[in-house]
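What follows is a pair of complexes built around chain A, which joins chain B in one and chain C in the other.
Entry: the complex of A and B
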């Protein structure tokens, strides 16, 4: 005889009597989702809605209840404000310079360091390490390097007179260089992981098919790294649009507003002139730009169809 | 089309543990139009050898010729070879049509109409004509395998190289694709080198088989030769399923003495063993299907049936006497009961005796084929 014990049918618990199976599963699911939903509501949803509400008011900083509803007036004022257009232009310039440089440099580094060469592990660490620094450290160090008599200024002295941070033309490139140095390492790590996921057999098949290095890159590497590249482009674009720390620490938005970006402008409105309603309208405009940029990226680079 | 000549080829890798010799002084001729299978366990060097023919691995020493051309320093795409990979290595973002035409676009100056015509006719031949616009990820394993084979065929190479192309398929599809590949090879008559670890694939598909172990060739021969006349214990063990029975024995006065039985073997066989042996200890080998339970008028070995496996057309008997275990294959209609004593004989024409030190088959030309009189070995169970 088998020595396996059989269990009898047990009577349903109170919990089981109260709810049918699908309701129980729904309740358990909600219970698991609840902690995040609470955090999401408090720290994301509420500020998002409050920001929208504020942007439609002339906000009274000291007595919010005395704020007056102005409809879309903050937004129309925004469109007529040259300081906003200047900040938007500066932000676009910064993003337009930074993102291609970050994507290009991190891609080149990922492809170069993918090979098992002597020292490649050390170099991987070296290239990634700036990313662990905070923006304050990065900003202060590079501000010193680009200051009058700083190391960077000495080496690049043939390009500009004095500190580039005091030059209307060179201040933005200096911030761009700082940002690329700081952040390319993270995107390099993402792209290196993606490159290492490309099956080696595909390169062998391509070699037998007569593909040279360029065709292999175009027809094997790039299609496989497409999703990672898409992530890098979108993530770095969104991140760079929100640039604040570098101009705040290195140039204070100057000289002559040449490095004043949207978030810096928002900061000035909110924390210096206390125009919180108007500042919220700037924030919402930035949000709409970012949503638009993300959608544009998806359309241009395509979605994963494999 | 071309044959392949492999001359004293060696492949060494440097590692932390020193130099690893993956392929050790291999020489081999593959005839024009031949289907040659390289078989061996994991790490035997079979894929390395294939990849050296393809040009995907450098050769440490030696020479490989395809036709009359030494290809050691010729790039893979210029060797006139096409390869089918184990995991197919199809370009996932390209359609089947693009996958198949890619090599033609890069290595030939054929016009796009001619490329399309070739791809479509090959796809028809492979039964994938209706899949040309699909991406590989939307295909089943079997369909991907056909596309990978079609991609190789469409290039009309001098040599096909197959690197375990069926190992990712389920058993039924694998059997089907075996015959498909054989049909294609018969039709095209292209020299083919096929690597597998599956000895039954090797036995059923090949003109000749190369058995490789630890980078060296153990035996080259037709499937019938390597089955009937394995040159050493490794080959005898590797070829055949279930594998051969092996017993440690000694030879005294024409009698092979095992742990639990004695065999008297024909004098010719005994003297061949005596003449060739290098050691006292020997290993007796006989295949499960060659053990005979038809014992009328014979001296027999008796053993107890421990396990009986029904496989439809055949039954497998797992027997033991003392510490000695036997595997015996009998006809499916033969009935035995668990615990029953089974008597069997060991036909001398199917006996193999291996040297205990070198593992060489001492009767490779004798045991399995020499005793042509059909006489059986006289056997007795040791008390």
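Entry: the complex of A and C
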């Protein structure tokens, strides 16, 4: 700023005379930061802290002042609640089936479309487009496909005798298939870019060394796509952990709770039985699990960069 | 001669293998595309199948009779889907506008201005990146209730706009814009506001478009949260609305499928128009992961 003054193109304004430079930067800086910080504090930080507070109380929704402090009771109750363990187990089953399928299919799609194919734009459109659908469209269409008389029962009916959505064993796999169809396109786009960023000369060099397709894949493609693959695994794990819409729309968590997931369980506690304190404890437990997954991400990526 | 022959046969073998590989590749890629396409086909096919065929049961890939009656009904006679589409558009556009303005402002403040404490603030925002939205729904619900925002679009817009993804992306992008441009502008007496509006924002069009597209799509598609805070049909967004239509028309798959197809059309058109932009936007997000 002193430059401006000495060259004399401009005389200092009142604003500049009133505050020195660092005060001005602080004021302007806070002004620019304020709108987001207000949103962030009110709608993200505050609920986060309030959730912790609520989870230590027997919460009274209508008259919060009548809530009673119960310490860690909600958490100990949680650990003894079979419905919680059931929801956790179902969620793990869902994530454990969905993530590997998403990674595998999106990798196949990405590697295949990396080659020059006739109609590759159309293929890309078909693979990616389910991702722009809302979960209610996805859930309802697939519920129809798996219903009695749908595509699923028409061709695979011998497997599950009737609709898979009514089977304790097959309902979850049906939801997994639905989810893979919905989500794989997004990760396919991520992996396609990663594959296209592998320098072509590396493949030339490998070919000169007499490497076949499998060795090229193992020694060139995989190592160079490692970060992208890691991103796909972590991002899809965190996202799929919060599955709600598909079981809500397709099975209502049934049959006999076999597709009730953690967020579904949270939803029921909060918005059907109104056990808000206990529900907040479930929310916090879910938070801890997912922060754990994220930390693992940092550890893995951190060691990876060196 | 024999030498040339053997070269020829090696070449043949190589090209044979290549041809086989290509055939295999096409079979896999188009096979998967057909599988991916089946739900779309079923949605469309059932939407144009008359009730008389549907009520007989039986499975068809191609319906023996066609009718566009349900499409006509929703397109011309019952405005409810337009109403929901408008609501959804309103929510998604306001959310997108707020996110772009507010996030770029704070990202500008953190990367281009210098004030004490900005490092800590950025660290807190980044840390919140690990907190997935759904775990907060119960305390957020009580907050929205206390603020009297139940059954209003602000209940959907404001919590979404508080998310840190945009700040995260923009901070990374703004950092890489060279200082020189800004210094030259400061020497010319540009205020911070002008530097933000005239230099930083125009240079960031690609990342702002990418962020805007995704915020728009995600907020358009939100399901759980609007389900909780909206309870008036007239205010519903499309994702919630089609669920009530399904519950009302449980025995008429043609009605359900028509409403789903109509509900999907707007974003499908967006995707058709911005296919390349959208695909490259996915990659920008992943680049920061």
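Note that in this section the second predicted complex is superposed on the first by the 264 of 306 C-alpha atoms of A that agree within 3 Å, B and C clash if a C-alpha of one lies under 4 Å from a C-alpha of the other, contacts with A are read in each partner's own complex, and residues count from 1 in each chain.
Everything that follows uses one rule, which is that contacts are C-beta pairs under 8 Å (C-beta built on N, C-alpha and C of every residue); 3 or more make two chains touch, one makes a residue touch a chain.
Here the structure is a predicted model, which is why all the values come from computation and not from measurement.
Per the definitions stated earlier, placing chain B and chain C onto a shared chain A by superposition produces no clash, and the two fit side by side. Once the two complexes are overlaid on the shared chain, A:223 sits against chain B while remaining clear of chain C. When both complexes are overlaid on chain A, the residue A:33 reaches chain C alone and has no touch with chain B.
In the superposed pair of complexes, A:25 makes contact with chain C only, with no contact to chain B. Judged by the touch definition given at the top, the superposed model places A:61 against chain C, while chain B stays out of reach. Shared-chain residue A:171: touches no atom of chain B or chain C. After overlaying the two complexes on the shared chain, residue contacts for A:211 are found with chain B alone; chain C is out of touch. Comparing chain B with chain C, more residues of chain A are touched by C. When the shared chain is aligned, chain C comes close enough to touch A:135, but chain B does not.
Minimum C-alpha separation, chain B to chain C, in the superposed model: 6 Å.
Shared contact residues on chain A (touching chain B in one structure, chain C in the other): none found. Only residues 1, 3-4, 9-10, 22, 25-26, 28-33, 35-37, 39-40, 42-48, 50-51, 54, 61, 64, 105, 108-109, 112-113, 115, 117-119, 121-130, 132-138, 140-142, 144-145, 149-151, 154, 181, 186, 189-190, 192-194, 228, 231-232, 234-235, 238, 241-242, 244-245, 249, 263, 266-267, 269-271, 276, 279-280, 283-284, 286-287, 290-291, 294-295 of chain A touch chain C when the two sit together in their complex.
Every residue of chain B that touches chain A in the complex is listed here, in rising order: 54-56, 75-77, 81-83, 85-87, 89-94, 102-103, 106-107, 135, 137. Every residue of chain A that touches chain B in the complex is listed here, in rising order: 199, 201-202, 204-211, 215, 219-220, 223-224, 226, 305-306. Listing the residues of chain C that touch chain A in their complex gives 25-26, 28-30, 32-33, 36-39, 42-43, 46, 57-59, 101-103, 105-106, 108-110, 113-116, 118, 121, 124-125, 128, 130-143, 158-159, 161-164, 167, 186-189, 192, 196, 217, 220-221, 223-224, 228, 238-240, 242-243, 246, 253, 256-257, 260, 263-264, 267-268, 270-272, 275, 278-280, 282-283, 286, 289.
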